[in-house]
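What follows is chain A paired twice: with chain B in the first complex and chain C in the second.
== the complex of A and B ==
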């Protein structure tokens, strides 16, 4: 029970920091809208909806990257991470709290981006939205672990996309497939499998990434 | 120090053996194995291409295994072993992409096609492991770098089956399937040439792995000695 309480406290902390500083979410919103506008000009006249669905996924992945790159910055700037690692809670709770917080930001950004996409480009059906939601879990689970690794490095903003994009390819395949394939269930299953495997792996390995010795 | 020294002493013999076997493999695959009825001379690149690709996968697997051992046992030496295995994997991976592209040009008329699952999977993995080096070089040396690299290397082996599934779902197309459930689709001499090549490339990879590992260990021993003297 105390594990859940730890995770809830950590998530609440991140959400409160964001509510007060408003560093990340407005940037994500503006970025995803600007990206959609850029895509309008990148798509030639008369391109089918399928290309637009692909570009939606590019927008989602890069918006998530924007949020993830900021995820551990407050912790590093103020030395909070050392405190958290020393705190008498399971280290994986730190990862889970951060994952839930980034997931909340990503969902909030998508609450604007998806209607905007429908408004500008093409309709989204239930399976497409299910694909987005499932992929969000994987993006945040893997992304918050990789962001913690990258945050310790010299070139953290540069490093995170390099680490993250190869791992995000199955998510993009699943998300795009869920949006355009007539056989969308298989893609949703792939996303479920990805989420399960990588969430457990990230949960188990987070401790190794943040401890010094 | 003595460990590194004794490891180096056996290396020249192994290297000579690898070179000899490599020469034999080239002879067998170029002159002894019969020409493929469909593909002609271009098929002979498979005697090199496939063993190199298998070796690259093997190196990545070895790197992940050493990474797991590092996280499990906490012994620092696995860090270097994991790194060197992945480094060799990346070298053989580049060779795979190059030889694969040459064959694709000769056989399909294009250098690259997104329609082949193996190609896309390999490229994904290759990108992943290139990022591994970026991660490693951007972190400061120490236990944390060793562990972060190990975690990332482990993610790689999990990514292989999941990417494979994803790419399979995304596209189905023909890549010449040489090994089916009914066994290899090759004649006797072709199979011999293939096995010798595979053995040669594996041994070559092993020798390179040992050479690089010995070099890196000597380097770190030297650095420790220098620090001790200062």
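== the complex of A and C ==
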């Protein structure tokens, strides 16, 4: 129970920090809505829905990247990450708290982005939305770990996309497949597997990212 | 409580620490001195387990729950209040009677009236006082303090000296400082880095 309490305290802290600073969520919202508007005018008339679903995933991945790039900034101001690492809680709780907070921000951005997508482009059915939600979990699980790695380096703005985008390809394949394929369940299964494998890997390896041994 | 033998630290080709030997029994008070760039902060971070030595052996007989660390940075969130910061760390450290302990420390370090203000609005001295509260929150057995007097005004310095006087002999304390005369009376050992 203490692990759950630690994760809850760390997630609550991230939400509170964002509520006060408003550094991440407004930027994500503006970016995703602006991107969809630009795509709306950039896409030639008569283009099929398949192309639009692809563009939705471009918007989702880059919006997530924006949030992830800011995810560990509060911990690097005033050196707070050292304080968290020294605390006697399981260090994976720090990763899980950050993952849940980032997921909350991404879901909040999508609460506006998905209706905007339906308005501008094409309808989204249940499997397409399930694909988005499953991909969100993978994006935040892997992204939080990679963002922590990138934040420790000097070229963090460059490093995070370089590390994250290749690992996001299966998520895009799964998300687009869930939206357009007649065999959508296979793509949803791919996303479930991805989430399971990468969440466990990230959970287990976070300690080695934030400590020297 | 601490046994360090031949501690060396390199960053790339740059050697920051060489051949540091230290032995510290429970209740002892070690002053670490040296000019800027001599490796005081690195040595204290090694003791705290935040940095691994490149060479040498280090044995620290306390776990993370019993270590209090004050670094150059205050290790508190700028967007949270003093109460929220200490409550978060109090939860993570499983501090018993957390609220009473937080209230007592904030009173003692003169921050009670500013307890609900965000840290971003604090002066450097107030932030340093809060950092001291955070380091002492869980009543640690080993205190590692990196230049704890820096940024404190005269009142803050007196508060810290009073705290150190109470803790000296009871807790094991390692302090790096540019003003060793201020803590000389507590010291049982001295490590001069060059």
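In the analysis below, the second predicted complex is superposed on the first by the 213 of 213 C-alpha atoms of A that agree within 3 Å, B and C clash if a C-alpha of one lies under 4 Å from a C-alpha of the other, contacts with A are read in each partner's own complex, and residues count from 1 in each chain.
We adopt the following convention: a residue touches a chain if its C-beta (ideal position, glycine included) is under 8 Å from a C-beta of that chain, and two chains touch if they have at least 3 such contacts.
Keep in mind it's a predicted model, so treat the numbers as computed, not measured.
Asker: With both complexes superposed on chain A, which partner does A:40 reach: first (chain B), second (chain C), both or neither?
Answerer: neither
Asker: Using the touch definition from the top, say if A:174 reaches chain B (first), chain C (second), both or neither.
Answerer: first
Asker: Output check: A:198 vs chain B and chain C. Expected answer is one of first, second, both, neither. What do you get?
Answerer: After superposition on chain A, A:198 lies in contact with chain B alone.
Asker: Could you tell me if A:212 is touching chain B, chain C, both of them or neither one (first, second, both, neither)?
Answerer: both
Asker: Check whether A:163 is in contact with chain B, with chain C, with both or with neither, and answer first, second, both or neither.
Answerer: first
Asker: Would you sort A:77 into first (chain B), second (chain C), both or neither based on which partner it touches?
Answerer: A:77: touches chain C, not chain B.
Asker: When the two structures are laid over each other on chain A, which of chain B and chain C touches more residues of chain A?
Answerer: Tallying touched residues of chain A, the top partner is B.
Asker: Contact-wise, after the overlay, does A:6 reach chain B, chain C, both or neither (first, second, both, neither)?
Answerer: So A:6 only meets chain C here.
Asker: For chain A, which residues belong to both interfaces, chain B and chain C?
Answerer: Overlap of chain B and chain C footprints on chain A: residues 211-213.
Asker: Hey, which residues of chain A end up touching chain C in the complex?
Answerer: Going through chain A, the ones touching chain C are 2, 5-6, 9-10, 13, 16-17, 20-21, 74, 77-80, 82-89, 211-213.
Asker: Using the touch definition from the top, list the residues of chain A that touch chain B in their complex.
Answerer: Result: residues 142, 145-146, 149-150, 152-156, 158-159, 162-163, 165-167, 169-170, 173-174, 177, 186-187, 190, 193-194, 197-198, 201, 205, 208-209, 211-213 of chain A touch chain B.
Asker: Can you list the chain B residues touching chain A in their complex?
Answerer: Residue list for chain B touching chain A: 71, 124-125, 127-128, 130-131, 134-135, 138-139, 142-144, 147-148, 150-152, 154-155, 158-159, 162-163, 165-167, 169-170.
Asker: Name, in rising order, each residue of chain C that touches chain A in their complex.
Answerer: Chain C residues touching chain A: 48-52, 63-65, 67, 69, 71-80, 84, 88-89, 91-94, 118-119, 127, 134.
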